[in-house]
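Shared between the two complexes below is subunit A, which pairs with subunit B and subunit C, respectively.
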Partner chain A sequence: MDVIILQVLNGLDKGSAYALIALGLTLIFGTLGVVNFAHGALFMLGAFCAVTLNRFLTLSHQVVDPSRTDFLGNPLKVEVRYIEEWLGPEIGGAIIDWSVPLSILLAIPVMALIGLAMERGLIKHFYKRPHADQILVTFGLAIVLQQIVKYFYGANPIATPAPEAFTGSFDFGVLLGFEPFSIIYPYWRLVYFCFAIVIIAAVFAFLRFTTFGMVVRAGMADRETVGLLGINIGRRFTVMFAIAAIVAGLAGVMYTPIVAPNYNMGMNFLVLSFVVVVVGGMGSLPGAVAAGFLLGILESFASMSAVIDLVPGINQVIIYLVAIIVLLVRPRGLMGRKGVMED
Partner chain B sequence: MGKLYVSRRSLLKGSAAAGVAIAAPTIFTSRAWASDFTNKPTGSSVTLGFNVPQSGVYADEGADQLRALQLAVEHLNGEGDGGMMNTFSSKALKGNGILGKKVEFVTGDTQTKTDAARASARSMIEKDGAIMITGGSSSGPAVAVQALCQEAGVIFMAGLTHANDTTGKDRRRNGFRHFFNSYMSGAALAPVLKNAYGADRKAYYLTADYNWGYTTEQAISQATEGVGWETVNKVLTPLGAGDFSSYIAPVLKSGADVLVLVHYGGDMVNSLTNAVQFGLRDAQANGKNFEIVVPLYSRLMAKGAGDNVKGIFGSTNWHWSLPDDGSKAFTKSFGTKYGFPPSQAAHTVYCQAILYADAVERSGSFHPCGVVEALEDFKFDGLGNGPTLYRADDHQCFKDVLVVRGKEKPESEFDLLEIVEKTPAKQVTYPHDHPQFAGGELGTCNAGTA
Partner chain C sequence: MLGLSRKDTTLLLIVLALVVLAPFLLNPFPEDSELARFNAGYPDLMQRFVIFGIFAMGFNILFGLTGYLSFGHAAFLGVGSYAGVWMMKLLTVNVVPAIIASVAVAGVFSLLIGYICLRRSGIYFSILTLAFAQMSFALAYSVLTPITAGETGLQLSLNDPRILGSSAVDGTIPATNFFGIAMRDGFEWAVGGWKFTFNFGYYLCAVIMLIAFYISIRIFRSPFGAMLRAVKSNQQRMNYTGINPKPYTLAAFVISGMYAGLAGGLMVAVDPLAGADRMFWTASGEVVLMTILGGAGTLVGPLLGAGVIKYFENIFSRLNEADLNQMFSGLPDGLQSAMVTVAQMFVGDGWLLTLGVMFMAVVIFLPGGIVEGGQRVAGWFRRKSGTEKSGKAAPAASAAE
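Moving on to the complex of A and B:
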């Protein structure tokens, strides 16, 4: 029992990331009708917002400390961080410690701008082109963005730790009456899951309870009629693209303490997120979220050694296997609607 | 009446035999080192090919190797302070290049992928005229590039490759390995682990899913089982998995009280970080403290993993804090140029470049078969590992192995590992046909074609 709870918990953080990325993908597909292969790159750019802020906060200059020597026997040059110098080591240190959550404040405007620039500058010109063209151009854009990041930050993963307060782990086993150490779950992954739930709830609430959201939903259902009512639906859809970019970016920011980001991280998530969208049903927001968590948890179960012993290699193919079965049984995905991508 | 009757079949047989007879002298001349061989240097310079990972999970190691190789080139050409050339026991090198030819180099990116490594090595051999290939930080590419160099008729001086296969089942006459291997890690670590954690331990293995992972897992499990440990489970993990949490989470429930992470580079940083996040280091199992072991350690990994490495045992080929003259000279030379001490990856390729150049000088020719002969059973000292033998049977170097532990109180950002024990070469030496290395043949040396 405790093993099952452990794997469910363990699937939640990965599932959260899949769900957040897939949510943005579906949002863009449902509103603009564009298959956005650059969405993984937006996740990666979000993560690098956190890296950039961390770099910026830890800018330093060297001070020679003659009392100590380095490994060659020369006087030791100590790196002194400007922020600790200006604000004192306590406040400065705390700001650096909390740089990942602080990056959210940076990521929201940055990702919104990137989203707007992407949509207005490039993707707009591909609305009326076939899906194959859209896939090619967005995939190309993803590669360009990756290479730009690689040029500035190098190819190596960059460790970006969570705040000190969240570095430990939580013993769920004791809470549920099992032995100590039977269900251990790191605090930050818990934070990530809660964060994902808040973001998903916020997006759904925005679409359901605001006038803007109502118009967008109407536009998704029947773009032409909404346009005939004199509403500039194109502009609203552009805003939705920016929101999708922010969601992907925030997913990336908060993911950095879980896996050290590198320029290629988006691609790993992109492919899986597309499977998530397809399994959930093209254009269905609840489907994307449900499928994201479902596949994250399934992947986690498939990595159990008992399962791998039974079916070797299952951990690498489980998601695709499930996708095939779902598409055979329910060709429109779990919650897909009729008529989407079927013209 | 006898009639000479020649059938088509016997004519074919006859011409085949004649063909062999005509070809035979070439075989003999190549044994006697014909003047023609692949990429024979004709001008005033000679080109070496540095094939290192510049991207992928082992990119850190690759970058450090490139720094060390550039330093080796400087020293060979008589620039800089000479580094370990001053402490090296062989005095054949004069600081005027190799055989008077200025050393130049080209680089390739292995991307830590077998096909990419072969493609970049091939390009350096065919397009740039590289006469020797060195570098690399993974055993998958090392074995592949070694086979390629054998076919092409150039020398392969393996970089950081720790799998038994490189000088075991995949050994080649044209290939040489200075770095130690999985078997040696097991032989050196097992007694230390027994002393530290006792003989009654149950180990769980997470293993990188490629040749290095397999041989290391085998070597460590056999060696620790030899001192009384039990192996509970072995799980393969994909290279570059990123998040290892789904593999780490079940470990505490498995009945194991030791986790052996057969991961290297970025993968090890991630898996160890995950293991610490999941509380393994604070946990109790079977009434003992839960322990983690990392068979192959490097300072670069220790840096990436930060505080998580404290107190964790592993083995390493070399460490910059060693007190011998060679290590001191290399650390000084490297540290002055780059501002930080070299890694074991940097050290091994620097040694390989110097050893190759020295072998060419001693044989008096760039001919690969001459170099092979000069390196086989070559004994040397002064390159940071103490007295070392390049064994002719399998082209493996035999030298002391360092058992290290993550330092509890580092004095500087580079002071991350402490040397627990220097296991003498004798204790890690094995017959070349040991079961873990069986099935390989060096074959004959190949000088390629002009």
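Moving on to the complex of A and C:
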């Protein structure tokens, strides 16, 4: 029993990332009808927002400390971070420590701008082009974005630590009445999961309870009629693209302490997220979220050593296998809507 | 000639001439000149031109004719490579059985995958093929390591149990050969400052490429090719006329898979090493790009696309800062450093950025690829001369009335 709970928990953080990216993909697909292969790159850009902020906060300069000397007897030069100099070591240190959560504040406007620029500058011209063209141009864009990031940040993963307060692990074993330390789970992953739930809930609430969201949902169902009612649905869809970009970016920001980001991280997530979207059903938001968590958990079960002994290599292919089976048995996906991308 | 129309015969002859004369054409700069780094006439690169030409040509039969965008074609190339190396390990280092095995295995593999993937179309088809390719890649890296040698890559070794032929000659691994002529054999010809390399491996690949090109022309011009175009333009109408499009599409898929396998077989024929990274989905993306860049659905487009991309890959990724400084040395100092800084992003490791930019530019501005670009340019000239002619002809005509 404790093993099962452990695997479910392990699957949650990856599942959260899948769910968030797939949510954005589905939003873009459902509103604009565009297959966005650059969505993984948006996830990566979000992660690099966190890296950038961390770099800015830890900018430092050399100061000669007269009270200390190095081994030759000269006054010691020490690196002093600007932010600690200005705000005092306590506040400055705390800000640096909390740089990843703080990056959210940076990532929201940055990702919104990137999303708007992308939609207005590029995607807009591809609404009427075939899906193959959309895939290809966004694939090219993803390569360009990756290479630009690689040029400025190098190819190696850049570790960005979580705040000190979240570095430990939480002992679920005690909480649920099992042996102590039988189920331990890092705090940050718990934070990530909760964060993902909050974001998903926020997106759903936005679509469900605001007038703007209502119009967007109407537009997703029947774009032409909404347009005939005198509503500029195109502009609202552009905003939805920006929101999808923000969701992907935030997923990336919060993921940095779990896996050190490098320029390539988005691509790995992208392929899997597409599979998630297809399994969930093209154009279905709850489907994307459910399939994201489901596949994350399945993947973590498949990487149990008992399962690998039984079916070698299953952990590598389980997601693709599920996708193939779902597509063949239930082509519309788990919760796909009728009439969306039927052919 | 050979059952081709006059236009196609001309095309085939042009390609034949280009391929045969490639060692001269690709080496236009003398050996010790500054521009020699832009020469592409060395065997390794020329082989890659024709091999990827075959790969893209096969992909074009599927994508260009039927419109089905496969994002997992590299898997067939990878499977073909593995089959080829195994043939050389177990049977003989003669490349003919290896190439035949590559094509056959890739054909069977694509039949299997195509049968499943072609139940869906559009974006679903793309994602299914992508999923299968990624699955093959992951398996080649993990469980199938005994067959694929995982990360190190499958290669010939000194104790291969070769049935026909010997495991080792004078303590070294025997070279891959075509009935005794080693693939790496060749001769060099120095004329003045130029040095031309003629490599046997290249010419074998070139001959096979020409045969593949001929087959591709025949497919394009056949009733079968017309059926494939019908799949692209309107499947529903095909159904109404009582034709089942599925067998045609599957046949196209298998043919293009066999082309990919052939490319994989030739790759290991000239360099007997097969790695799983050949199956990674970026490799699949690259062949899509080659086809689009050259012009999907055109005969010669994929060849051009493959050539351009492989050329850029090699030349751009070899350039470094010193080369750039030299290239822009004629400019004023400030401008020079600025140009070098900008250009540096696009060369060396950053050549993928060039690739991405090219990708986007082609899809946005030139969806028909190089071939369409050429046609447009030709169209301008024709129209210009055409208007002049009609301009002159019109008064004459009115005078005649």
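Rule of thumb we're sticking to: the second predicted complex is superposed on the first by the 328 of 343 C-alpha atoms of A that agree within 3 Å, B and C clash if a C-alpha of one lies under 4 Å from a C-alpha of the other, contacts with A are read in each partner's own complex, and residues count from 1 in each chain.
FYI, a contact is a pair of C-beta atoms (placed from the backbone, for glycine too) under 8 Å apart; a residue touches a chain by one contact, two chains touch by 3 or more.
Note that the structure is a prediction, hence the values are computed from the model and not measured.
S.K.: So, A:Gln316: does it touch subunit B (first), subunit C (second), both, or neither?
M.R.: both
S.K.: Touching A:Trp188 in the superposition: subunit B (first), subunit C (second), both, neither?
M.R.: A:Trp188 contacts subunit B only, not subunit C.
S.K.: Pick one for A:Val144: touches subunit B only (first), subunit C only (second), both, or neither.
M.R.: In the superposition, A:Val144 touches subunit C alone.
S.K.: Contacts for A:Pro331 in the overlay, against subunit B (first) and subunit C (second): which applies, first, second, both or neither?
M.R.: It touches subunit C, and subunit B stays clear.
S.K.: Can you list the residues of subunit A that touch subunit B in one structure and subunit C in the other?
M.R.: Of subunit A, residues 150, 155, 316 contact subunit B in one complex and subunit C in the other.
S.K.: Please name which positions on subunit A make contact with subunit C in the complex.
M.R.: Against subunit C, subunit A makes touches at 35, 122, 125, 129, 131-133, 135-137, 139-144, 146-148, 150-151, 155, 267, 271, 274-275, 278, 282, 312-313, 316-317, 320-321, 323-324, 327-328, 331, 341, 343.
S.K.: What residues of subunit C sit close enough to touch subunit A in their complex?
M.R.: 63, 67, 69, 71, 116, 119-124, 126-128, 130-132, 134-135, 138-139, 141-144, 281-282, 285, 288-289, 292, 345, 349-350, 352-353, 355-360, 363-364, 367
S.K.: Provide the residue numbers of subunit B that touch subunit A in the complex, in ascending order.
M.R.: 54-56, 59-60, 233, 235-236, 238, 242-243, 245-247, 249-250, 252-254, 266, 269-270, 273, 277-279, 283-285, 304, 306, 320-321, 331-332, 335-336, 340-341, 412, 414-415
S.K.: Applying the document's contact rule, which stretches of subunit A touch subunit B when the two form their complex?
M.R.: 2-3, 6-7, 10-11, 13-14, 70-72, 76, 150, 154-157, 159, 161, 167-169, 171, 180-182, 184-186, 188-189, 258-260, 265, 268, 299-300, 303-305, 308, 315-316
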